[in-house]
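Chain nomenclature is as follows: A, B, C and D, assigned in order of appearance, with residue numbering initiated at 1 for each chain independently.
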Amino acid sequence: MSLYAERPPLPSDDKRWRIVNGTMRKHGYSRNALIETLHTVQSSFGYLDEPSIKFVAKSLRVPLSQAYGVVTFYHFFSLKPPGKHTCTVCLGTACYIKGSDKLVVETEKLLSIKAGQTTADGEVSFTTARCVGACGRAPVVLLDGELSGQVGVAELKAQLERWVRQ
Amino acid sequence: MSAEANIRTLTIDEVDVSARADQTILEAAREHNIEIPTLCHLEGLSEVGACRLCLVQVKGARRLLPACVTRVEEGMEVTTHSPRIDRYRTMVLELFFAERNHVCSVCVANGNCELQTLALRLGMTHVEMPYQYPQLPVDASHPRFTVDHNRCVLCTRCVRVCGEIEGANTWGVMGRGAQSLVITDLKEPWGESETCTSCGKCVQVCPTGALFEKSRAGMRAQKHPEFLPYLRIMREGEQQ
Amino acid sequence: MSETKTLATVWLDGCSGCHMSLLDMDERLIELSSQFSLVYSPLVDQKIFPDHVDVTLVEGAVASDDDLRKIRKIREHTRVLVSLGDCALTGNVSAMRNQCGPGPVLLRVYSDGQKAPSMGVPALLDRVQPVHEVVPVDVFVPGCPPSADTIYRVLAELLAGRVPTLEGVAHFG
Amino acid sequence: MNAEELQQLAAEARDERPQFDYEVNVCMGTGCLSQHSDRVKNALEKEAEISGRKCHVRRTGCMGLCAAGPMVLVEPAETRYGHVHEGDAQEIVASLGGDPVARLDPQLRGYFEGQKHVVLENSGHIDPEKIEEYIARDGYEALVKAVTEMSPGQVIEQIMKSGLRGRGGGGYPTGLKWDTVAKVKGAQKYVICNGDEGDPGAFMDRSVLESDPQRVIEGMAIAAYAIGAAKGYIYVRAEYPLAVQRLTVALQQARRRGLLGSGICETTFNFDIDIRLGAGAFVCGEETALIASIEGKRGTPRPRPPYPAVSGLWGAPTLINNVETFANVAPILRHGGEWFSSMGTARSKGTKVFALTGKIQRTGLVEVPMGMTLRQIIFGIGGGVPDGRKFKAVQTGGPSGGCLPEEHLDLSISYDALISAGSMMGSGGMIVMDDTSCMVSVARFFMEFCMTESCGKCVPCRAGTVQMYELLTRITKGVATHRDLDRLTDLCEVVGATSLCGLGQTAPNPVLSTLRYFRHEYLAHIDEKRCPAGVCEIGTGHPADSAEVTVAGEVHV
């Protein structure tokens, strides 16, 4: 038995774990690489679940409580899998002044969920953003990651209805 | 370096005081029996400067400074109490009381709680702000201890003692802002923690009734954080 | 010696422990009774709150619409309003239901299929409030209950025409 | 690379240009890309090829006027087109050398007149993914000069002389900061570029990183030379994928050209930069929180002192400047500190980039000399408030700033003037509001922001922002009392005075400034149960309907 804890094996054969491992290796399995690695997990898998946090934490020798603390501190990280489609309404000041709060209300009504949730059928995730830095085009909505500017309520509703109906 | 070169003279509340250069205002004040209220500070643990109760006025400084982390300087003029500072401290204390469910009368720490004692000392007779009444869990899964988040003030003493003294790093903080919570491991039930050594240090350093020993829940049990500085001194001695 | 002042005590949503503590003053009650006349209290047989009261001690939080009506009327007719004890000051145990609202509490109590009565009993407010959230309060006396010594001190100070200071004397709980 | 090689490279890159009679630049910043400027570029390329004219179609970064996107700039005529579609390509190419296409000019002139581009001098003119184009416009001249001809002390002297102050918000003198870090002894030092542009409504850092990333890299390298650092980090928001991508490319190119790495300019100076991604936490704009985040921890700030200059990243002396600050460094060294300090006001030198947004005709990025008035920017450059509505307020400084009313429109912009008016420079967001905005709601909006972005470490910020948010909510609901207003004022004072970091210390500012200039709106909500802007949904005014409201609403102290 080794005195030092060995790095845990990859959780599964899933190729994406090798990408995750690659990020950690690039940083020499340093504790500092925690956030970078979590970014890789999230971009590979879409979200972070308990086994993946545990795997990363143990690989980097970060205490579990600290890893969980980091994951839940940053709003960019999600503990739940995203829906098939994502709709993000920007709530930056410029967008707010241009009425993006109404877009939020309408979206929540149409999808019957609150911001931060996914529809029961797993079709659409709805989130809000603090500012995506496209204030010149306010109000801004990200549909499946694609930025649309000067979005009206009717336009957004039409797109969401298309997704819901599918 | 000579011993004199390491000594700083300053005034605290117009009293001439001398202190070692590596001492904080708080240490210097307490050595001279000048009381500055604290909550997150605990001798033997690192400082976080989070509770803001030890803020003092230093002449020439633009802002109030936390006495627990501010080092003494030659010629410093420190004021620990003034109507303004006292008013701020009381309001900060009110914020503590209003943010969670501190119901002293039915709390296991009633009579031995640092938050309760601070309210008494600072003359906080009531809370001007509306209470938040958040719904917070109580985790009694550990065979010996319980964590009641309703009484937690997020001082992070448990987190620090667990990491710095016990080295288990079982405790951490999750979330942010008003949603912050102290957690064990991946927010798993304390009783199922794979890292907790059940040493109980966190319970002893907890200033309120957030962490308590089940066996003494009804006994207004006193906590004993005094072990910390000794433990620290002993360990440092071993290393030398 | 000043002339006799009028004193009232009120019991809102609390356990009456503060009133017990008041009685705990024992022989000091006799001393005070020469300077105070008790004009309204659960301890005396007087149903109508007088038009003018010098000092009113309020025990308990504001939990029902009846409490609300009462405390407003009392405030109107009282010169010095004293919040007595933690329930009046913080909501205390009475306010613990604020974490879930009155619904689950009623459901728990009337769990045998009965409906909670709506006639003849005061309706619960959505939120239990400390007295000072509802009307202005002049003196705050923490404690669950405040000790007889504390209450005596408060009344003696008021009699002497001073605002009692309780810093370092009375604590919550 | 040495000075000669750099000059040679610059000359080569410049020589390429005469091959073309015309250059057609297409903005491919985030704003224009969202309006499919990539398709416009493809169409223009196709048309240029068909026409057989000597015309180079170039991808560039932001041209500033996002409202008129996609934007196209034709050089050398300096003709700007807005709202360009694929179908316009043929007409644009055909017009080269002749009269501009009149129908595509949405009166852009007013927007660019009066601006002075230093930070944005290359934005819209170069391809951000080609280091050669940056070098052709005197890029890296300053770094080579600094490293080969100047001592670190001389570099710092020029920065001091320039009077440059931190562009991230606080306005701390940059030269002084550099000098402090340079003087601290330490084998390992770090340079950090703060690109965690968290202020909602500000996007100049994103734009600079997308349009001219080499400029930031050069600025950082010069700083590293001046303070004696060998390692740098750029902390960028993960919400800015395009900026991250362009920065990644730029770093590779700079390394390949020997402008980063070891032995830069054949000297002993080594410096390299890594990118670190933010993960959605506004508080990480605070220096110590940013450092914690780079170290892979929760982004919570710690008390200062010790300042990062003494004990920063991994305890080493660390210099942290914002993107725009670094972007100013190369021009200062190229033209000298005096040149820079000849622009601006007595204590605020140079230019400042503002993100002009909200209820304004022309939204986008503007760069103007310090000292310009708000009126000149909003009504001159921005074209005023649209739809015949009335100007009400301009918000500057993000959640740490304030709202300034019409009376302050003639305020000439400087760090100190904005602070004395109750607002802040911040990173340069400028959000214009008209009479349809309710100022109490705006204050509440910012308080919600601070509340959710509070890290939770210190109680005044963690719990105080919640209390203030709830009080503001009560006011917008028309159930607040004067006692609530007093409480709000008290909380503003305490949270501002006792919070641990800048987030909490400045969180009350939007409330304080609206209370100062728009108190009547607060009073209308409280006394008349009325929202003057018609934004807040105030009930029937019969609080007796709800027991809870009764308790909260009727009592007057």
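For this structure, a couple of remarks:
Here is the rule we go by: a contact is a pair of C-beta atoms (placed from the backbone, for glycine too) under 8 Å apart; a residue touches a chain by one contact, two chains touch by 3 or more.
Values in this document were obtained by computation on a predicted structure and should not be read as measured data.
Counting only chains that touch, the fewest steps needed to get from subunit A to subunit D is 1.
Annotation: B-C is the more contact-rich of the chain pairs A-B and B-C, by number of C-beta pairs in contact. Rounded to whole angstrom, the centroid-to-centroid distance between subunit A and subunit B, based on C-alpha atoms, equals 35 Å. Centroids built from CA atoms put subunit D at 56 Å from subunit C.
Centre to centre, using the average C-alpha position, subunit B and subunit C are separated by 34 Å.
With centres set at the average Cα position, the gap from subunit A to subunit C is 52 Å.
The residues of subunit B that reach two or more other chains are 128, 130, 173, 175-176, listed in rising order.
The multi-chain contact residues of subunit D, meaning those touching 2 or more other chains, are 281, 298, 453, 455.
Residues of subunit C in contact with two or more other chains: 133.
Of all the residues in subunit B, the ones that touch subunit D in their complex are 48-52, 55, 63-64, 66, 69-70, 87-88, 91-92, 95-96, 98-99, 128-130, 132, 153-154, 173, 175-180. Across the complex, subunit D meets subunit B through its residues 281, 298, 302-303, 305, 451-460, 462-467, 470, 487, 490-491, 494, 497-500, 505.
Considering their complex, residues 31-36, 38-39, 62, 66, 69-70, 73-77, 91-98, 129-138, 140, 146-149 of subunit A touch subunit D. Every residue of subunit D that touches subunit A in the complex is listed here, in rising order: 30-31, 33-35, 65-67, 69, 197-203, 206-207, 237-240, 276-282, 293-300, 355, 357-359, 363-365, 395, 398, 429, 431-433, 437, 442, 445-446, 449, 453, 455.
Contacts from subunit B toward subunit A in the complex involve residues 159, 163, 169-176, 183-187, 194-195.
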